[in-house]
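So the structure is just underneath, and the comments pick up after that.
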Amino acid sequence: MNHRDLEEKIEGIRKLSPSLYGKDFLLTWEKSDEDLRTILEVASVLRKMRAANISPRIFDSGLAISNFRDNSTRTRFSFASAANLLGLAVQDLDEEKSQIAHGETVRETANMISFLSDFIGIRDDIFLGEGNKYMREVGEALDEGFEKGVLPMRPGIINLQCDMDHPTQSMADMMHLISVFGSVENLRGKKLVMSWAYSPSYGKPLSVPQGIIALMSRFGMKIELAYPEGYSLIPEIVEIAGKNAQASGGSFSVSHSMEDSMRDADIVYPKSWAPYHIMQERTELLRKADRGGLKDLEQKCLANNAKFRDWEFDEEKLKLTRNGSALYMHCLPADISGVSCERGEVSAAAFERYRIETYREAGFKPYVIAAMMLANRFENPGEVLAGLMKRSRRRSGTE
Amino acid sequence: MNHRDLEEKIEGIRKLSPSLYGKDFLLTWEKSDEDLRTILEVASVLRKMRAANISPRIFDSGLAISNFRDNSTRTRFSFASAANLLGLAVQDLDEEKSQIAHGETVRETANMISFLSDFIGIRDDIFLGEGNKYMREVGEALDEGFEKGVLPMRPGIINLQCDMDHPTQSMADMMHLISVFGSVENLRGKKLVMSWAYSPSYGKPLSVPQGIIALMSRFGMKIELAYPEGYSLIPEIVEIAGKNAQASGGSFSVSHSMEDSMRDADIVYPKSWAPYHIMQERTELLRKADRGGLKDLEQKCLANNAKFRDWEFDEEKLKLTRNGSALYMHCLPADISGVSCERGEVSAAAFERYRIETYREAGFKPYVIAAMMLANRFENPGEVLAGLMKRSRRRSGTE
Amino acid sequence: MNHRDLEEKIEGIRKLSPSLYGKDFLLTWEKSDEDLRTILEVASVLRKMRAANISPRIFDSGLAISNFRDNSTRTRFSFASAANLLGLAVQDLDEEKSQIAHGETVRETANMISFLSDFIGIRDDIFLGEGNKYMREVGEALDEGFEKGVLPMRPGIINLQCDMDHPTQSMADMMHLISVFGSVENLRGKKLVMSWAYSPSYGKPLSVPQGIIALMSRFGMKIELAYPEGYSLIPEIVEIAGKNAQASGGSFSVSHSMEDSMRDADIVYPKSWAPYHIMQERTELLRKADRGGLKDLEQKCLANNAKFRDWEFDEEKLKLTRNGSALYMHCLPADISGVSCERGEVSAAAFERYRIETYREAGFKPYVIAAMMLANRFENPGEVLAGLMKRSRRRSGTE
């Protein structure tokens, strides 16, 4: 078989100098452009390798711990798929199954689950100010364990969604954009609207919109963040997006009209989230276990949401976009009016146009995670990929 | 080592022309005789290979998704064993763990769990008219996902029990019969009784008796279906059994006396099930969430069951069978009088005679599932098996 | 790479004659000294091999069943790590997931989960007189299944904690002692105190202290068992410890003062447990499902515990030990005063001094379990290890 295309891509990766080796992947804005390019390129190569029935297995054994403090289908399966592709077995750390719920300290558990583990994937997105902090706490415990000879190696941590960022989502979304528009370069000058959208539910995390504006602002696009007044995101992250846009030769602006923002958009990402200050209040109430207060807050928030039921992405709004055919994106599952709820983030007709596109978008996530793993464990990812091509073991079949 | 026996069997498989490649395994009556023979032969070879410490691993990585909408020990472990034997990792899709419970549509989830998956095993046997339909809905979603480039390949679906059929059970039972009677040919003319039996529980699925009569009627046996009036099965499937019997040179009849049916039987399969019309009513009530109605129905059904407490398979009934020693079969767990309940499907003494046989019967299931997987993914199963023999990698040991 | 050290160790193992092949590992006192030495040495080699990136994978496929009837993080992960290191996939048998809870008999389930399984790891430590008995019942069912051709091989059982012993813990603790003191020989004459300690919780199992005194008494140490009157252990096991001590040239004594026992101790293991007679009463009440009685017993027991709140290991007590610096051990998680509870087994300051040591201690468990697996499945573990060295496959990397 001829794999010229693959081999050229791998040659390109060998020339990159990422700083990903041995580093956790917690926030995209902590990573250099070279780092991100490496992840995107490695992910793309892994995807092509699997499609060509070449096994990218680099571990003969090893565990990838999945620590989900929130429900999830797609991220859980993406993590499991990535681990499996590289040869790792997934071991769940569920609170029901473990003694974590009985007062065991974070640092102890972090070490106890890591004796033969290569990675810990963590999803902790419920409490503002908590999720990312928790990941760093785990990381410090692992650092200590490794330094003091408890662990034979330092397992890498992969942020599978926290209160600040959702890097495996935003990087998969970026791969999707590259795939649709042809290249990173082609994205330059394009207008991407990250817009709040109405949802009948409450307390949706901020990590997706934050992750999107902080990442997408690095490639010269015109980023517009649209939301009804009061639905702002964490100010520090909005600031990062602004700086990124400036540095990359793009722009960043905020709008309070969904309709206005849609005009001439090339890419739209309409998605609900809870207002920042509500999430802050919620965290306080949760800490105090104030059930009455939480109930009141939910009512207040839903009532406020209801004022913005017209923030639904529908075919009328689609018409406002460039040539009436902007690319619609969503991390799924979407609140689809008349399908998953009475009225939600997107009309059934608008969603149906892009339904398959959103599936494709999601399909990049396992490869992004696998690339993060590979680049964490091997100093020269390109060399490893070249080794895999040379070995040329089949993913399925008797060889 | 000399593996002449294995190699001859593999040569035989190479001559078969199944139509299993890329097809879901949902109902045995959708499959050709050649298809079924292929599964049975491949399963038998895989079993012998493992016993000879030859690894039949054909996947270097890959996921097998297990989607159980009902409790299960043996089928869950059989699926896990089969996947593992071929090199796949099992990933559970539990409703508690996933967002399925929160209104996510079937087709979206089907794609989201399948990006790097080779198989989805589904058990959905609770609602009449629902389980098999659900599997086909998943299948259509996967077809669409594959056609539109969402999925790199179309994962195969394996029916691990639905409302209509339980093909991995009936095929394992068939392997057991071949093993006990020596060959498929030896089954010709034998009398097999699929009989209702009393149970103090309610709502047992119809899929086992339906699966048994629909499959076993294809090999020239005299099939007798026995049940108290009112406990009929889905009429369309009973009809299929009748046609199969005619076509294969056997016979199919219905009896309403357990005793009469046992006379001269070579094989008996006494097992409880709920009456078809009760299951229909139940599905309606469940749809309406009519808890009162469901409670009443359960009471009515249990009261009706109680009229037939003498439909217990015991040593008296065993004496009526051919030479007083018909082969007793059960899919397990059986309701054993005085063991698992006060009075049930089978007396303790009668069960004890065949206990080990029922364990052996169950032991074929992992290989049947593995054979279904192999034949779904490779156009020429015989060639793959020959490749495995040639490779001759050890299942355990350092090679 | 030069692996002289590893190869020498392996040569040593080849000279041992253990009787572990095909035998369950249920109680250390059923095992010969040669058996224990084999486990310790094999575990040590496996640990070094992994550290040297040499894969000890000896299974191309196969299942390790994990049957936990009690919560657990570290033992669950240790079992999963061990299985994975050798190439086995873990399959959980959770009561929620299985039909075990619905009256299925132990022997049937034992066979149903074992068709393609290499090991069953069982944790059943809640009821006195039940856990170890249950493991033997499973073992007898597997014996029968194998003899009668139900199972292609007899899966090995590994006791992951029962009512009598916790052998994977005590053996890991032994590895830790060897690592800290340099050799088994260096332990001769050392004073090890297994001491009861105060805990605000009730019903902690006896298996750890029992396992420790029964194992550690075999190496010529001076074992002192300290507890407040009324907190005795199972008499038969205490007797075994006494005999072991005599046979090994060490000593065994009982003390009822934590302070006294600490004097000149080289190793201290302060850990709470419930009194033997309370556990007996509890088992009776549980059998009768006497909820009122259980509540009363808990109150009585906690009130009794409260009399011994000064049985806390703190820096004052540490000063009494040899040079004020005995090695503190704990199976984790410890009840740490002011950290995990108001007042518990150990003061925060004393624990902090040894925190990292207790993590290291825990880190030996996966290798102990892997060694038990390897020695159960291969008659000559040294030969297998030599084969692994010769094969020299990388644990991670592209070879």
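Letters are used for the chains, namely A, B and C, taken in the order the chains are written, and counting of residues starts over at 1 for each.
The rule is short, and it goes like this: a residue touches a chain if its C-beta (ideal position, glycine included) is under 8 Å from a C-beta of that chain, and two chains touch if they have at least 3 such contacts.
From a predicted model like this one, the values you see are computed outputs, not experimental measurements.
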Same-site or different-site touching of subunit A by its copy subunit C, using the half cut: different
Equivalent-chain rotation between subunit C and subunit B, CA atoms, steps of 5 degrees: 120
Distance from the mean Cα position of subunit C to that of subunit A, given in whole angstrom: 40
Junction residues of subunit A - those touching two or more other chains: 89
Partner subunit A, residues of subunit C touching it in the complex: 50-51, 55, 57, 71-74, 76-78, 80-81, 84-87, 89-90, 332-333, 339-341, 356, 359-360, 362-363, 365-366, 393-399
Touching residues on subunit C, where the partner in the complex is subunit B: 58-63, 89, 91, 93, 97-100, 102-105, 108-109, 111-113, 115-118, 144-145, 148-152, 377-378, 384, 387-388, 390-391
